[in-house]
Amino acid sequence: MGIHAYFRSLDVLDRIIRCPGKFKFEEHSVAAHSWKVVQYAKTFADIEEQQGAVIDWKKLYRITSSHDYGEIFIGDIKTPVKHSSMQLRTLLQRVEEGMIHNFIEEHIPREFKAIFQEQLREGKDQSTEGLILEAADKLDQVYEAFSELQRGNTEKEFVSMYRHALLKIRSIPLKCVDYFFDSILPDLVSEESMSPVDIRKITEEALASAPLPSPSRPHTA
Amino acid sequence: MGIHAYFRSLDVLDRIIRCPGKFKFEEHSVAAHSWKVVQYAKTFADIEEQQGAVIDWKKLYRITSSHDYGEIFIGDIKTPVKHSSMQLRTLLQRVEEGMIHNFIEEHIPREFKAIFQEQLREGKDQSTEGLILEAADKLDQVYEAFSELQRGNTEKEFVSMYRHALLKIRSIPLKCVDYFFDSILPDLVSEESMSPVDIRKITEEALASAPLPSPSRPHTA
Amino acid sequence: MGIHAYFRSLDVLDRIIRCPGKFKFEEHSVAAHSWKVVQYAKTFADIEEQQGAVIDWKKLYRITSSHDYGEIFIGDIKTPVKHSSMQLRTLLQRVEEGMIHNFIEEHIPREFKAIFQEQLREGKDQSTEGLILEAADKLDQVYEAFSELQRGNTEKEFVSMYRHALLKIRSIPLKCVDYFFDSILPDLVSEESMSPVDIRKITEEALASAPLPSPSRPHTA
Amino acid sequence: MGIHAYFRSLDVLDRIIRCPGKFKFEEHSVAAHSWKVVQYAKTFADIEEQQGAVIDWKKLYRITSSHDYGEIFIGDIKTPVKHSSMQLRTLLQRVEEGMIHNFIEEHIPREFKAIFQEQLREGKDQSTEGLILEAADKLDQVYEAFSELQRGNTEKEFVSMYRHALLKIRSIPLKCVDYFFDSILPDLVSEESMSPVDIRKITEEALASAPLPSPSRPHTA
Amino acid sequence: MGIHAYFRSLDVLDRIIRCPGKFKFEEHSVAAHSWKVVQYAKTFADIEEQQGAVIDWKKLYRITSSHDYGEIFIGDIKTPVKHSSMQLRTLLQRVEEGMIHNFIEEHIPREFKAIFQEQLREGKDQSTEGLILEAADKLDQVYEAFSELQRGNTEKEFVSMYRHALLKIRSIPLKCVDYFFDSILPDLVSEESMSPVDIRKITEEALASAPLPSPSRPHTA
Amino acid sequence: MGIHAYFRSLDVLDRIIRCPGKFKFEEHSVAAHSWKVVQYAKTFADIEEQQGAVIDWKKLYRITSSHDYGEIFIGDIKTPVKHSSMQLRTLLQRVEEGMIHNFIEEHIPREFKAIFQEQLREGKDQSTEGLILEAADKLDQVYEAFSELQRGNTEKEFVSMYRHALLKIRSIPLKCVDYFFDSILPDLVSEESMSPVDIRKITEEALASAPLPSPSRPHTA
């Protein structure tokens, strides 16, 4: 086989539904999630660039486009499981990497092996691009949870997902994250909602639980 | 909380779809699969009993009814991952057991803790009841794969699932397994099929690949 | 044919959706419902046994596992129709029994005919096992209706289904039913709900409409 | 209440799926089926009119538009059940009529009661309009079964449904039925099909099993 | 080909979902919508006739049954696009008419061409029947939007759709429209709702925004 | 509002299903399609770069990530309609551009207006990046149609879509297109297929109908 095997495998991620087992009003596939992450990252990078950062667009394209590809091999393992022990997490990551390695060995032609190795490995490093990917990935959790809460979904996990994703984003030292908290989140919270869930209060409580460290945050730009 | 937490959690298994990521004409939830396993096991135990075995019906009820409950905590991990390393498998099983333990500690009243510990642990031991559960669980893979092949599903994984499940069943030393190969499988294979897949041939090849060890198989009865 | 015909038919109940025609946020198949009933009955029997009753586990397994199998032949007839005239109800039941009889005659091998006749007939008699099945079956209506109300479903039929199922359960003379009203229902009602429907009030009204006859209830244990 | 109750109830038929329990590649609601019947009947009546018949269009509109409304009350009872005994069939029809009667009594304003009584009763009488409705209703079964067979559905019930519907149509003494067999069915059968099912053969066998009585059929025109 | 091509094409409208892109709790196909319009129009015509109007039932049947058939060719173009420029609207309508013309030329036998030309052209003219179709078509928007609002859908477009459809209906000079506002809408508004959306207020605001012109409205009867 | 309005709108494309009205075994949203196009384009650009071309990765990221965003405003207009007249096509494009312009004016903050204007306009120009986008977009049609044909979908439109997309790709003067025809398409065609449709023959006929102009094709590298 060859690159066809890679192209053909993409549909698998259009069949894996995020948050399996939870009741939700609207389902999202990993493929659709991935596309939204590509979009958020694009805009975050534009903001970062406008604030003076230098963006490696080729790298950003590479790491955002394939960031959840490993789920093809591993499947959807519940978050509490992944985090239940450091040893398990390391082991799972090693298995995933091994499977990606085998896939590349078996299917990808010699002249593209290096490219796919770069493309399919974990992209969330401490570079500006890696941090943007992390922020964009978490932002989609914010939006997914927000939509469910707004429609009256009473599963506590969505409150929890919303909180944790917000706090994770706030810990990322990027200018676009400042922009997000200053100019995007207020619009999100004030979106006219007829939900029985008080999203403003949840947001304020989440952010109050860990005071904003913004003055002391070092920026990459 | 209390037993309500357990009853309430059952719906989670009605939302987890088996074989995520694979194209299939018909989806099955873990809840519906579990019910079919209860049914197959019932009939397998009736056959075994008729052949002289003594069935512990309380035990059989207990282990078949909850046999996939652990998926509520672990989620759906792909088979190749589970089998990729002995160490990972052991670790995953330990995490699942730990989570079930915590669930019982947190939710189940003291007077029922022992019952739930029995009920929610892995039931596939070497007892007649444990072997019947194993056979019944694999039989549902046979039927799931058969239905997809019969409708023309061309994903190779269903051929593979059908083969492996058949071979696994054949390795189980039970009279009801003999009955299955003598009297149930032939009906299944000869079911008038308009499928482009030659199920008879796949069946014969699967069974030929590992010659029937029946003479030397010890029986429990 | 033979037992294959029975095994093969089980998928039919995974395709029949309960409460057809009603708007619902979440659909449940008869197969998934059946599995939940198996679970509730298991726990109810454990409670009953702990209180001193003797449980025939083989019988309980038999009657709970197949309790809605007849719907394969009859389909889903609306409750008001079934109850509209005693004559119709009797006639429908006779047709269902006739079809089950024919199915067994045609498909089940001679040596298993007696077993399937036991297994596929109505199990809700006045024995402890029959009463447990009745309680477990109604409990799933309680949970199904509760979930819809909690998510804001405004169809009156779910209020009505919730009420009637609760009252029916309360009329069953079992210790596990006492346990349910003392220790499970309060957890259910107090589950943090953001629903616009006041489930506590509906519960209290339902139970007030027919005062608890508990002191005078004879128990089987 | 009033006519609002009637209008509001129509969505129920958009939630009831035809042929429950059977595997099918494509599902059809009773509402969508009803609309297709309205269309077929329109064209059948045009053909009949062109051949000299006098059509009462108001009557045709009335009986075709609501022809399956009774399923709101009765639900989906399987065909073999309905036909299992004459007594049951009569009883079920009486229950349906009673429920329609009660609905009209309770909800429809006095000045429209007579209109709704006409509209909601069984329209398949021996008038030209009643026969057209019968032919149109069966034609939708032909198309539903044909689509499933063409896509490779191997459930025997669709072969059976296709046969019986064709034979029922052929027994109806209308010019538009002649037109259907002369000019519509041949197009249907010769539609380029890649199905593993030989639809032409099924059609020819069905029609051969009961020789065409066309010369002796009396026509209404 | 022939009329088979027309009959066969009807399923396309059972696969096109109304309001694509909007979140909704319940989806409706164009086929199911069409059937509900047939029903509303039937009752509106009955009311109109009772008030002294003369209804051409053949025409009403013809124009209501096929009123959205053109969507087979054009697909679902968003309302704001359709209304964005007079020129575009005219052009789109011309394209639709051209495609219907071509379909009839290619598929419909000579002797039925005139009938299908009548049937498939836009029926919403200023005749009583055309006005009834317009009112019935808008009424389904009222019901679709009402159902979503009642279940707590917070998308503003459904408030907007509800308003505009109500106002459009009110502008139609028919007695059945008066009946609708006097006797049907009040039932709809007072339907016991647990929705967080205040439908009564939305209704009153919508109707207040353009005072009722009823005294001066000319009636056709 | 601000950028939140843009982020929030992305879910619309996860609710719009491609090829509405056609029967298909598997549905794909515009969001999932968009992600696959991002992936194909990434690999095509890698190939092109390896052959010596200079890729503007920022531009490629920008134009591929948002390439179907306009469908949010326009909805899904059927291909034959779009192509039915040059005048209509121009008008529709102008309306889409106007709506995107208005969206940017209304929602996007001043400092990002220029970026969004670049991002949301049609990216398929004659630059290497524009041509790669065109090839990647058509490649997803090849894969979508191939999957349906392979599963036995007998709708002619998928044969037609497969043909046209292949021919369109072949007309694009890029080295990665040569690579696709030399090294990817053969794998696709030889994928073990149990489909009743002869995909190899369809591919050969499609390519034979317009002989390969490869010698005379100018390349951008």
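Order of writing sets the labels: A, B, C, D, E and F. Residues in every chain begin at 1.
Keep this in mind: a residue touches a chain if its C-beta (ideal position, glycine included) is under 8 Å from a C-beta of that chain, and two chains touch if they have at least 3 such contacts.
All figures in this text were calculated on a predicted structure; none of them were measured in a lab.
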| item | value |
| --- | --- |
| Where chain C and chain D overlap in contact partners, by chain label | B, E |
| Any chain that touches chain E and chain A | C, F |
| Higher-contact pair (C-beta pairs counted), A-F versus C-E | A-F |
| Per Cα centroids, the chain farthest from chain D | A |
| Mean-CA-position distance for chain E and chain B (Å) | 52 |
| Inter-chain centre distance, chain D versus chain E - centres from mean C-alpha coordinates, in Å | 25 |
| Approximate Å spacing (C-alpha centroids) for the pair chain B, chain D | 43 |
| For chain F, residues contacting two or more additional chains | 11, 23, 25-26, 147, 152, 196 |
| Pairs of chains in contact (touch as defined earlier), listed by label | A-B, A-C, A-E, A-F, B-C, B-D, B-F, C-D, C-E, D-E, D-F, E-F |
| In the complex, chain D residues that touch chain F | 25-26, 147, 150-152, 192-196 |
| Chain E-touching residues of chain C, taken from the complex the two chains share | 23, 25, 152-154, 156, 196-197 |
| Residue ranges of chain A in contact with chain F within the complex | 1-8, 10-11, 14, 26, 28-29, 31-32, 34-36, 38-40, 42-43, 46-47, 50, 55, 57-58, 60-62, 65-66, 109, 111-112, 115, 119, 139, 143, 147, 183-185, 187-188, 191 |
| Residues on chain C engaged by chain D in the complex (per definition of touch) | 11-13, 15-17, 20-23, 72-78, 80-81, 84-85, 87-88, 91-92, 95, 98-99 |
